[in-house]
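The two complexes that follow have subunit A in common; it is paired with subunit B in the first and with subunit C in the second.
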Partner chain A sequence: MAHKKNRHVGVVGIGQTEYSSHKEYQNQVEMVNEAVRAALADANMTLNDIDCVVHGNMELFEMVHQPDMWHSLGTGAFGKPEFRITTGGTTGSTLVCAADNLVASGMYDVVMAIGLEKLQEGNTTGGITNMADPLWFRHLQTGALTATTATMMIQEFGEERARRAAMKYRIMMDKHAVLNPRAHRRFGLEYEQMEDLMKTSPKLVGDLRLIHMCSQSDGACVMIFACEEKAKKVSKKPVWIRDHITVHREEMFNNFGIERPEMTHHYAARKLFERNGIKNPIEYFDVFEMYDPSAWWGLDWLREFFLLEGDEHIKMLENDEWGLDGKLPVNPSGGVTSTNPIGATAMIRPAEVALQIRGDAGAHQLKREVKHGLASGFGGTLWTVLIMLEKDLKW
Partner chain B sequence: MAEYYGSKVVDIFNTMPVRFKPDGVKGVDVTIGYDILGEGGGTWVVTIKDAALKVEKIAGDLPKCSVVMTADAEAFVGGALGKIDPGEAFASGKIKVAGDIIILGNVLPKAFEKFTPIVRARAIVESMVERFRPEKAEGVDLKIGYDLSGEDGGAWTAIVKDGTCTVKEGLDPDCTVTMRMVSEVFVGLNLGKIDPAAAFGSGQVKIEGDMMAAGATAKLFKKFEVAGAEEKQGEELISLKCIPSIRHRFATGSHMGKWFKGLKEKKFYATQCPVCGRTQIPPREVCAVCRVRCDEFIEVGPKGTVTMIDTVYYASPDPLTGKVRQTPYAALFLVMDGSTPSESFAHELNPKDLDRIESGMKVRPVWAKERTGSYRDLLYFEIDD
Partner chain C sequence: MKRVAICAVAQHKIEPDIWYKRFQGMLLDILEDIQAQTGFTFDEETGVHDIVTCSDDVFDARTISNAGMSDVVGAHYRGEEKMAQDGLNGLGYAMSMILSGCDDVVYVAGHSKESQSESRNMCTNLAYDPFYGRPLGLDYLCAAGLQARAYMAKSKITEEHLAKVVVRARQWAARNPYANETNQLMLGDVMYSPMLCDPIRTLHSYPVSDGAVGLLLASEERAKEFTDNPVWITGFGSCMDSYFMGDRDLASNFALRKAAECAYKMAGIKDSKKTVDLVELMDCYAYQQPMWLEGLGFSKDGMGGEFIDASGPAKYNVNLSGGHLAGTPLIIGGLYRAVEAVLQLKGQAGEHQAADVKCAVVQSTTGGAGQFHTVLVLER
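Up next, the complex of A and B:
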């Protein structure tokens, strides 16, 4: 049975800053304000129309308490009910889930969700390490850097095929990012560089090289959610939140034994598709915006999210089926390897899906009609959030 | 020689001795090789040892270095000037590094002041046209010759006539006044680094022709500004820098308390799920699969089988000590003898085994002499030969 909803919830406004490694010209408040204004303009609303604000970033990165209070001049939350949400990497998608629940419940008609990060103001890798379990693992963790997935893929598919596939995935993401003027890293990589990058990009951990890994970005993303009645009134093209699921299981990285338990990604997808009656997710969805922190993870997780088996996901990559003109385009925005302002990252995913459904994505708009979209969030020790978005209220 | 963003590759190396900060590199002993490709490139070796610096241009192959940077000349100069993001040049392969990569991030910023572009005489003379103030030049008709010696020198004639100023190469024979000096003196005077009275008085500047005209030229031109300097001043962005350092003390709780007590006695205690029988190490109070309490402990190990090796090359700060970790090091995932096969345990590998370790190998724990009930009680695992 699908998520029980009291009423339908539509996305009626989206605002994003440009994403970059440096935003010295803005403080956090100003950066948030830029995205808030853009979202209000997109929704054709003013702050008077907003009933409640949900605010989130990974505040331990910048180490400032009550950022919701500090940012209130930029968010416009003054005098309004407000919630602050901090769930690490998943923050952005948890914000969307919370806003959806707040509107669906009937508590508020219009909710504005704000995700942001200014990673330039802290030390991301040091910060992540410093948040690991202090009793066991902090002494081992190196931020979000690990090559465990690379090692497993090499074991399963052989060095040559696995390495080429990961690099092809990375270059494909860069080609998508080049089309997105808001994306942070747009290198202009070519597939001819594959062999060279496989050898020369500096190694971070094992087979995880610098080029494979996500960026550290600054930026903010804002989405406005409205109940069905209001959404239809204010927006010509509301995008509907159909369902979402959050799965987390282990608080440690203990899943690298001789037998591998079911990944949270797989579990989340299986449950979500089951309760929504989706038999063939590859056929059903028109776009997937994935939280892909590295090329290795991104490629490996496609198998989990779409319940694929063996090397189906690699074959699809080799046949360009995850590309913009492929069977199921993944990350037309360029994804997380190009842009990663952590507290906003998991919100950019459903925001970009909604833009694709509306047909407003710009240069990276898919050529096909986009009706059904999927977005994922990721954080911590394999937390997973999946969000389904729809063009029409028909399910 | 080719210029990039107004600077040459050699400028960066030639200014190293003046930019060098001996206090920043106490106890450092490194050799850095540079292979700069493209026009204006070449190979250099920079040695920092005993707080002293040596910069050599090398012909032929680089000798053995602690780290070698290979870079496209434009990316190298652009990176030094902050015109391009070095991280991105690095990620996209325009700058490549072999060897101990940490040196570049840790030693270089402490060893050198930031490179600022060298101002050359040509840039100053050529900017005279833009700096000309026609409102001060009414009725002025003169030709000013500059004869500048030295590597960056040259000869130019500035012609002021009918409220305009033009500059051309070479000395006109009929200059109203000609000034001869070493080009560095000319640059120093224009940047305000050399006192004009002293320069003229000491004979560093030789003037031929109309002395009065020479004195009058200053008011005909706006002051020379280093490109970007004025703009930079207008856009100064103030940011606060701080390094927080906080002492923490974490209570272990019952299950982790038992775990650490075990480590003191060189024993590994795991919990066992009463429903699925799964062992958890380190012990956790609940089985996340069956969602039941786990209060039964069994001893596992002390040896285990390696399932995964994560070899880390990227040097990051260790939040437990504040020091940058020595790389490479390896995190091992292993299944301890007596554990259920899905349950891996993670710890460090003895660095001596880095080259030999493989998945499937048997490893044994190496204990600290003094054990206090912490992760430090277990030094690392090593290959059980």
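Up next, the complex of A and C:
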């Protein structure tokens, strides 16, 4: 196993559009261009400084074949090398890994990664359902809507505690989103509404209610990566990509086995922490931006990502330890239940971590100093990408 | 720069309609072939942890088309990333994974079944923007028609030239057991075949094709674990041209020239005509063979017609596999070309083996009328 990086790679530019359910005023090219311009301005660069472009989104959501060809009008890829790499929901984080690899390899010094989605222009749940095998599962799948995790958590922790915890997690995320002017859904929920929402929010599937589920959003996120030498030259506060890991799994969901198989979240975290000598991730990391497609999944996955046992993750929630002032703040940006332009979503995670490390997150900037950040991507059949970001080149 | 090795390759026989096997079955055959050649495993310590796949959501009519591949490329608890362009870019990306130190062994696999869609043109029509290009009926065939017209005028390409390209492709395809279309043709068959998209005739166009390919890549240090006969990737380059065809000089080879320049520079090639022994290029339509050969520097600019008259394609061992023209699916066209070049460099190309191949150039294109080009240099 390699993982000895050929050279260091730093994040030197970040650009995001605002995220919303509709962007009638711009087409895909214009939306991408808005984020590209923002990232270039943030990096104090022009297109001439970009050696290579990496692009990704989900073709069947907007029903454009090889969309990077058309989008090249807005990405600035004209006359440049380009890669289009996609992995479903994980696409955004895969693009970050790819940009990191491309820069670290020495093939390109500066790489711009672009993740986007304009879900308004397609049918998201139809698109996701279309990933299922046409012979075996397509008639059964309901997009990404599933209550399996809710059912399992209710079995493990009891109805009352599990339902309250999932709703508390959701309201906490909304409270974070309210502070983030780019976030799509900012309801202004209060914890007093918990009991009410647990009864009145429309049911989607089983115990998964509308309020638990992520949004369908439009938006683009762009990050610019540079080799150490250039990063130090152009940026006052480059954020370093320390390591990343991608863990996919077999196509079929094994929900009915006697033993629950190890989740990719757990496997990825275990491997990543082990090879980086992180013994206590809760103590080590200052912020975690998680791809949490629903409140149930988000809460459940915290246990997997931090290698916790039993009800530790729920206890931490009950004690407000995942909040902005808690032990390990999760999703200060509001996360994915508030904002989900799928091809961009998994890139917004490391982008937001980098902003936190720089101290440039704005109203949702954490009060503590942020040195070590973790970002996750989720996609496909429960796949995971984990990315570690650092303030200093000391590890 | 360190070198990256291609240790082994495998290809599925290309057919017009592999209705009897799902793409998973095709990919499993490829995986087992490469495992038999190299003995590679998915062991947690020493095996493959990272896989680059290549497939297409639109051609598969399947969101996240790589999800269906994960089981048969070994991506269980392993990394897997999908190249959503022509697969040759997947080799460039896999190369970066190894050079970066991210991993030292990478398995690359791709599939494409053009037969599954009602029409290729329907798929590639979706590549055009929904406002101007799509309603006009643009697709990759129409775009190629416009480019063919512009290029033929510039480089004085006649019907005879195009027919020669196709007849030669079929002759070589007959020696390649993996080729799709091997029916032999006379010049007249091509010249009087029905018009498909003026000036592209039916026999100027590659037939509908289904296939799958795989390659095992490794770092210089680890290559010997898998092969005694590695082929080295020594150059990679790619370049994007503009989207609107009105913004482009369609006959200029702008993107291909830049891609080739970058790949040659990395490989230290000063004059491709002197250094390169073999060329495998993605000629979806007959006019593209002389045109891409100009872009790659084998023919002088604007001299494609003369180049064919002087048997340039034979001189530079161009597409001894039969090339894309004999039928290769889009999306993995470049990967098939790379696999053929690797076989030639290893001396394992069988009846179409060229003598003493030391350096080969592989080219592929993505998008309409060669909007995007990729060039790979391979050496023994």
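By definition in this document, the second predicted complex is superposed on the first by the 391 of 395 C-alpha atoms of A that agree within 3 Å, B and C clash if a C-alpha of one lies under 4 Å from a C-alpha of the other, contacts with A are read in each partner's own complex, and residues count from 1 in each chain.
Everything below uses one rule, namely that contacts are C-beta pairs under 8 Å (C-beta built on N, C-alpha and C of every residue); 3 or more make two chains touch, one makes a residue touch a chain.
Here the structure is a predicted model, which means the values were calculated and not measured.
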item	value
Touched partner set for A:98, first subunit B, second subunit C, both or neither	second
Partner chain(s) touched by A:380 [first = subunit B, second = subunit C, both, neither]	second
Which superposed partner A:122 touches (first subunit B, second subunit C, both, neither)	neither
First (subunit B), second (subunit C), both or neither touched by A:251	both
Subunit B versus subunit C as contact partner of A:63, first or second or both or neither	both
Which superposed partner A:197 touches (first subunit B, second subunit C, both, neither)	first
First, second, both or neither for A:5, with subunit B first and subunit C second	second
Subunit A residues touched - subunit C or subunit B, whichever exceeds	C
Contacts of A:72 with subunit B and subunit C, given as first, second, both or neither	second
First, second, both or neither for A:326, with subunit B first and subunit C second	neither
Shared subunit A contacts, counted only where both subunit B and subunit C touch the same residue	63, 130, 134, 249-251
Of subunit A, residues touching subunit C in the complex	1-6, 27, 29, 53, 56, 58-61, 63-70, 72-73, 77-88, 94, 97-98, 100-107, 127-128, 130-131, 133-134, 244-251, 262, 264, 267, 379-381, 383
Interfacial residue positions of subunit B with respect to subunit A in the complex	85, 87-88, 90-93, 96-97, 101, 237, 239, 244, 248, 250, 252, 256, 259-260, 280-282, 284, 288-289, 305, 307-314, 316-320, 325, 331, 333, 335, 339-348, 359, 375
Footprint of subunit A on subunit C - complex, ascending	1, 45, 49-50, 56-58, 61-64, 66-68, 70-71, 75-85, 89, 92-93, 95-104, 123-131, 133, 219, 236-244, 254, 258-259, 262, 366-368, 371-372
Of all residues in subunit A, those that touch subunit B in their complex	21, 24-25, 63, 123, 125-126, 129-130, 134-140, 142-143, 145-148, 151-152, 155, 185, 187, 189, 193, 196-197, 200-206, 210-211, 249-261
